[in-house]
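To start, the structure under review is shown below, and the notes come after it.
Read from first to last, the chains carry the letters A, B, C and D; within each, the first residue is number 1.
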Amino acid sequence: MFALSYEAIDANKWVAKLGPGLDSGALVCFEGRVRNHHQGKAVRSLDYEAHEALALDEGERIVKEAQQRFPVQAACVHRLGSLELGEVAVWVGVAGSHRDEAFSACRWIIDEIKARVPIWKREYYEQGEAVWQHP
Amino acid sequence: MFALSYEAIDANKWVAKLGPGLDSGALVCFEGRVRNHHQGKAVRSLDYEAHEALALDEGERIVKEAQQRFPVQAACVHRLGSLELGEVAVWVGVAGSHRDEAFSACRWIIDEIKARVPIWKREYYEQGEAVWQHP
Amino acid sequence: MTTKHRHQARTRKIKVQIRYFAELKQQAGVDQESQQCEQPLTAVELYAQLRERHGFRFGAQMLRVAINGAFAEWGTTLNDGDEVAFLPPFSGG
Amino acid sequence: MTTKHRHQARTRKIKVQIRYFAELKQQAGVDQESQQCEQPLTAVELYAQLRERHGFRFGAQMLRVAINGAFAEWGTTLNDGDEVAFLPPFSGG
């Protein structure tokens, strides 16, 4: 389960969608949040944009791959549009029988999302510039 | 910040208490939940009990140690009393600038909590027995 | 024979839809444009033309390309009606 | 001299409060009990007496001991009024 959202991410709603079953002893959630600094610059806000069709396909592929690599259920949602400081940019939730696989799968998913999904961030700095990030 | 609770753990309340600051780019949360099985046996419910004074001291020590080992803010709460299937037995939340340290610290805390804090679980099985767990 | 050779050598006009993202969009000043091209033309050849026109700083080796909504190889020959998206390094998460 | 020797050899009575948890509590049938002991007595010696009385399956090497709310060494000599808690292997989390 992978989604893109122009609205604030409601982590509770996503835990409910993930629906950790009664056989799930471990739930690991990751939230990437908009920080007020990046490489020494004061950040004021962010934009995210995506190649949406491709991002949805690739995100879904990543979540499915995670569920094949690890015995877990997983979900991920990424924000698009304009975000304020402190807002959740990406949420990953993983439920499994044991914590080992839940931690490993959650970490694997966020790393793959960052590497493989066509989403871009533009940072607006306190000084007024706005710069697309292309690491 | 470490607590023991006889009431259901409200993860939202604990995220708010942890209060990820605007310099926190990553929040990792772990929930240990009551599973419906353990070593092949069908579990019906659980009791947790603690040496409360010592558990509070040792839990607080673990959270403080985590904050010294990793550049993070952390909180943990453990349930006591009688728990139903699917209820959250333990919650760990870690906020940091980057995901590396947030994942590492969260994992470190739950491992230390399990190893060092005087809390015990009694499992009630479908077959009617009740067994204190002493791994 | 001569007719056949002339036919093979003759280039055909195709039209492709080009999509830009992030910094490429900013530098191009548009998020998409359509372009008449002469076939055969590969994705990397098309990008070279567009890079020269718009002054993109990224070489193709820094980018990914997607054709009709799927990741593609740079050497893919473009067909009439293709949607070609140039994807600068990702920064989601 | 004889008086002094007699005095040193004479054991003193102390009273300690004992707390049991989890399986130990279940086997002892109580969560605490107070006990008159003869000083000097270490925590591990006290546990040996109690293990015999209650038939605990755990040897001391499987347990931790806490005295007055803090983890302690098994070799610690107990004092009058101490609270001694015997802690079977933990299973929280």
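The working rule: contacts are C-beta pairs under 8 Å (C-beta built on N, C-alpha and C of every residue); 3 or more make two chains touch, one makes a residue touch a chain.
All figures in this text were calculated on a predicted structure; none of them were measured in a lab.
Trainee: Going by the stated contact rule, which chains contact chain A and chain D alike?
Mentor: In this structure, the chains that contact chain D and also chain A are B.
Trainee: Which whole number of Å gives the spacing of the CA centres of chain B and chain C?
Mentor: So the centroids are 53 Å from each other.
Trainee: State, to the nearest whole Å, the distance from the C-alpha centre of chain C to the C-alpha centre of chain D.
Mentor: 81
Trainee: Roughly how many whole angstrom separate the Cα centroids of chain A and chain B?
Mentor: The separation of the two C-alpha centroids amounts to 24 Å.
Trainee: Return the distance between the CA-based centres of chain B and chain D, expressed in whole Å.
Mentor: Centre-to-centre distance between chain B and chain D: 30 Å.
Trainee: Among all residues of chain A, which ones touch two or more of the remaining chains?
Mentor: Answer for chain A, listing residues that touch two or more other chains: 32, 110.
Trainee: What positions in chain C touch 2 or more of the other chains?
Mentor: In chain C, no residue touches at least two other chains, as defined above.
Trainee: Give every touching pair of chains, nothing left out.
Mentor: So the chains that touch one another pair up as A-B, A-C, B-D.
Trainee: Which positions of chain D touch chain B when the two form their complex?
Mentor: Residues 19, 21-23, 26, 58, 62, 64, 66, 69-71, 85, 87-93.
Trainee: If we count contacts the way the header does, which residues on chain B are in touch with chain D in the complex?
Mentor: Going by the criterion above, the answer is residues 32, 48-51, 53-55, 57-58, 78, 89-90, 110, 113-122, 132-135.
Trainee: Spell out the residues on chain A that touch chain B in their complex, using ranges where they run on.
Mentor: Residues in contact with chain B: 12, 20, 22-37, 85-86, 97, 99, 102-103, 106-107, 110.
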